[in-house]
Each structure stands twice: as C-alpha cells, then as structure tokens.
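Can you keep this structure in mind? I'll have questions shortly.
To keep things simple, chains are lettered A, B, C and D as they appear, and every chain counts its residues starting from 1.
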Amino acid sequence: MAVRVQTEDFDVGAESRALQAETVGGIALFIGTVRGLSSDDGVTAMTLEHFPGMTENELERIEAEARARWPLEDVTIIHRVGRLLPGEQIVMVGTASAHRKAAFESAEFIMDFLKTDAPFWKAEERGGEKTWVEARDSDDTARDRWSD
Amino acid sequence: MAVRVQTEDFDVGAESRALQAETVGGIALFIGTVRGLSSDDGVTAMTLEHFPGMTENELERIEAEARARWPLEDVTIIHRVGRLLPGEQIVMVGTASAHRKAAFESAEFIMDFLKTDAPFWKAEERGGEKTWVEARDSDDTARDRWSD
Amino acid sequence: MTLTIRYFAWMREHTGTDLETVPLPENVSSVGDLVPHLAAMSDGHAQALKNMRAVRVAVNRTYGDLDTPVAAGDEVAFFPPVTGG
Amino acid sequence: MTLTIRYFAWMREHTGTDLETVPLPENVSSVGDLVPHLAAMSDGHAQALKNMRAVRVAVNRTYGDLDTPVAAGDEVAFFPPVTGG
C-alpha cells in the first residue's frame, strides 16, 4: 500500500519512475493542482484539512478496491494538506499495469472515490476571507458510474 | 501543438510542470514503457520505426481532435523512436484541463488513436531474432468506442 | 462510560472544538440518539448539528449514519461532505 | 511523370528498399491500379504486396485505400498496421 498524506510537495518524475517495473507497460498519472487567480473568482490560497487515521484508512480501502477490479502492478496515492498557493500540486494518483486500459481506468476510479470518500476539506481564501468549499453533486455522479 | 518524435528519453516531472498553468486544475499523464524480460516471452530490446512527416501530421491531427472534444488548456505528445531496452519509456501523453474528467478522457482518447493511426512500427528482439509486432484487434476496438 | 467526539471543517469552527470527551448519555444507542445531546451543549453545537442531511458521520473511523450503534469508548466524528482531491 | 514509393517495417525488408522512384504506368489512376505494377518489380515486392488487406496506404502522407487516386508527383506509402505507443 503506497498511500501518503503530507504537507510537503512531491516529485512527479520520481513517482513515475518508482511505478516502473519489468512487468509494467503503462503508467497513468493524475495530478490535481490549485487553480490560480486569473482562472477563477480570485482565490489567493487554499487550506486542506483532513481526518488523520481515517484518511489513510479510506485511501487504502480505495486502493484495495482498485486492485481488486484491475490487474495493477503498483499504485501510488499522495495527498497534500495544509496551506497551498495557486499552481501548487494537491494530489497525485499513479497506477501501473501491463495494459493501458487498466492503468487509465483505475486511476480515474481512485480519483472519483477519493473526491467523495476520503475525509479532506478545502477552505479557500479570497483576500482576507476564508470560505469552506461545498461538495459538488457532479463528484457523486462521477463515483456512482462505477457501481454497475 | 506540442508533438515531439525523438530518440532521446524525456523527463516526466519536467513535462508535468510544463503543463501546469493558472487555469489548470488537473493533469493526466500516460507513460508507455518497454516491458521487461521477466514479464513476457523474453524480449531483450525493441526498435521503433516511423514515417517522418506523416507521423507528426497524424499526432497533430489527433491532438486537434482531442482539443475539439474537450476543453483542454494544453496537450503534450512525445513518442520515442530507435532502439529501446526493457524498462525504458516509449511514449508520453499529457493533457491539462480545468477539470479532471476532461484531462482523463482526452489522454485516453489520444492514446487510443495514437495506437491505431500514428505510423510507428515496433520490432522486438529475442536473443538474436527480430520480429515485427503484429497489430492487435483490441486497439481498433479501443479506438472505435469513441465514434458514437 | 464516555464517547470521544470530533468535528471537522466548518463544524469544528461552529462548535469551537475539534475534539471533546462526553459522558455517554442514558438511553443513547445510536448516532441519531446522540445528536440532540450534543446539539444541547452550546449554540455553536446546535448550529453545527442543525441540518444532519448536510453532515457525514464516522464511528471509529468508518462511515456510518444516524442508525449506526454507539457504545462507551467509541469515537464519533461529524464532518461536512468531503472536498479534497 | 514519376511516383515516389515508400515501404516501412516488414514491407521495407521484403522489397529491400524504403524509397524508390517509379515511372507512372499508363492507365494507372488509383492505388489499386498501381499495386500490380509494383508487385511485378521483384519477388520481394510481390511478397510485400501479396495480401493488400494486411497493408495500409498513405498518399501524400494522408491515409488512403485502393480507391485513392494517384497522379504524377504523388508519394505513395505502403506499410503494415501500426504498432506504436
């Protein structure tokens, strides 16, 4: 199980290399980043809170479900917490498989469940104001399409 | 258009950073690698040949189709040619979007079309023997699911 | 005969605490039984627990709901729908 | 009044060349018309072009098929189904 919750940044190149192995033909990576000032409604920073202990359990459970569904050689899930600025990396999911379809689908599956089940909360800063981000129905929809 | 056909290796970390921007919330990357000796039927090396000029045209056409279907901020397609050893990186597709679903789907779309439409051919070496890899029907099936 | 209660995100800000230990009230055997007791602790608690449809619950770090049993020694966490990733 | 012909992968190995210039034969106006003329050039050419269902064609670097028109100055490429990625 390769699940990490950390304040420090991560190195996508090193994580990709770590997923490589003799039996791997394809690696799918997803990196979520903080959208910047210009894109949006003026977010100047973001703070990520989580539930230590439960977060890791949930991420490991999601990883185990992905491994049960697809033939995966390796999985990495990294999620940062604390205060992040626009452009910074928040999350990375990486999956390695002999086949590209398994790598792609499992990475998307993990992201969809992470978004709805892993106990993280985002607060956005706009100037001096802090606002808790509200959950989106579209994330529930994204998760629910895996249940057939 | 960010399409590169090259003999040299590429740096996934640098490519990921290059896709990051103020308006980007998610980056999807796929890296195809040469499967090793132990995985398979003893491939010791692989040589990739292509059709210079036509390859770049096809990759740019595929990129343009992906950009027409999804709201993408940026796209990178890198494909290596020449002789590659087990464990080496062959191909990278990276897509950056405000939204993760667009990033995931477009990266998978590009890989599916690259596999069937971009004029690359692989020859595998096993000991002293060279064999041209045969195209797989499953790649046509993967491409055709995008046509509805 | 106590429970550990946790609050996260805006619920933590309303209650003014992220962690409190409360005696297990009599006749409480589920999360649903517990909520009115917690809501009575302060105006902030009442505010945080006002709309339980907007709240998720974990008992001993596993997702539950208003029907999930609670017993002495359990950890019960209340938090908004998650927004990570 | 010539055509440029290219072969890739195992077709190149059969024909022994990756690039040749041939005169445009009389009464040739499509890829399908051209193939028998190329196949007659050597045993290797015949071998390479034996099963046109297993061959892909590009005229001037755009995918075509046996019905695609060819005219003087065109580049016609023959290659197996692709296997990159």
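Rule of thumb we're sticking to: contacts are C-beta pairs under 8 Å (C-beta built on N, C-alpha and C of every residue); 3 or more make two chains touch, one makes a residue touch a chain.
What you see is a predicted model, and the numbers here were worked out from it, not measured in a lab.
Asks: Could you give the fewest steps needed to travel from subunit B to subunit D through chains in contact?
Replies: 1
Asks: Please tell me the distance, in whole Å, between the geometric centres of subunit A and subunit C computed from their C-alpha atoms.
Replies: So the centre of subunit A lies 27 Å away from the centre of subunit C.
Asks: What whole-Å value do you get for the distance between subunit A and subunit D if each is reduced to the mean of its CA atoms?
Replies: Centre-to-centre distance between subunit A and subunit D: 49 Å.
Asks: From the C-alpha centre of subunit A to that of subunit B, how far is it in Å?
Replies: Computed value for the inter-centroid distance: 23 Å.
Asks: Subunit D: which residues touch two or more other chains?
Replies: 85
Asks: In subunit B, which residues are in touch with two or more of the other chains?
Replies: Within subunit B, residues 32, 100, 111 contact more than one other chain.
Asks: Mind giving me all the chain pairs that touch?
Replies: Every pair of chains in contact is listed here: A-B, A-C, B-D.
Asks: Quick check on the complex: what are the subunit D residues that touch subunit B?
Replies: The touching residues are 6, 8-10, 58, 61-63, 77, 79-85.
Asks: Touching subunit C in the complex: which residues of subunit A?
Replies: Result: residues 32, 48-51, 53-54, 57, 79, 90-91, 111, 114-123, 132-135 of subunit A touch subunit C.
Asks: Under the definition above, what is the set of subunit B residues touching subunit A in their complex?
Replies: On the subunit B side, the touching residues are 11-14, 16-17, 20-33, 35-39, 86-87, 98, 100-101, 103-104, 107-108, 111, 142.
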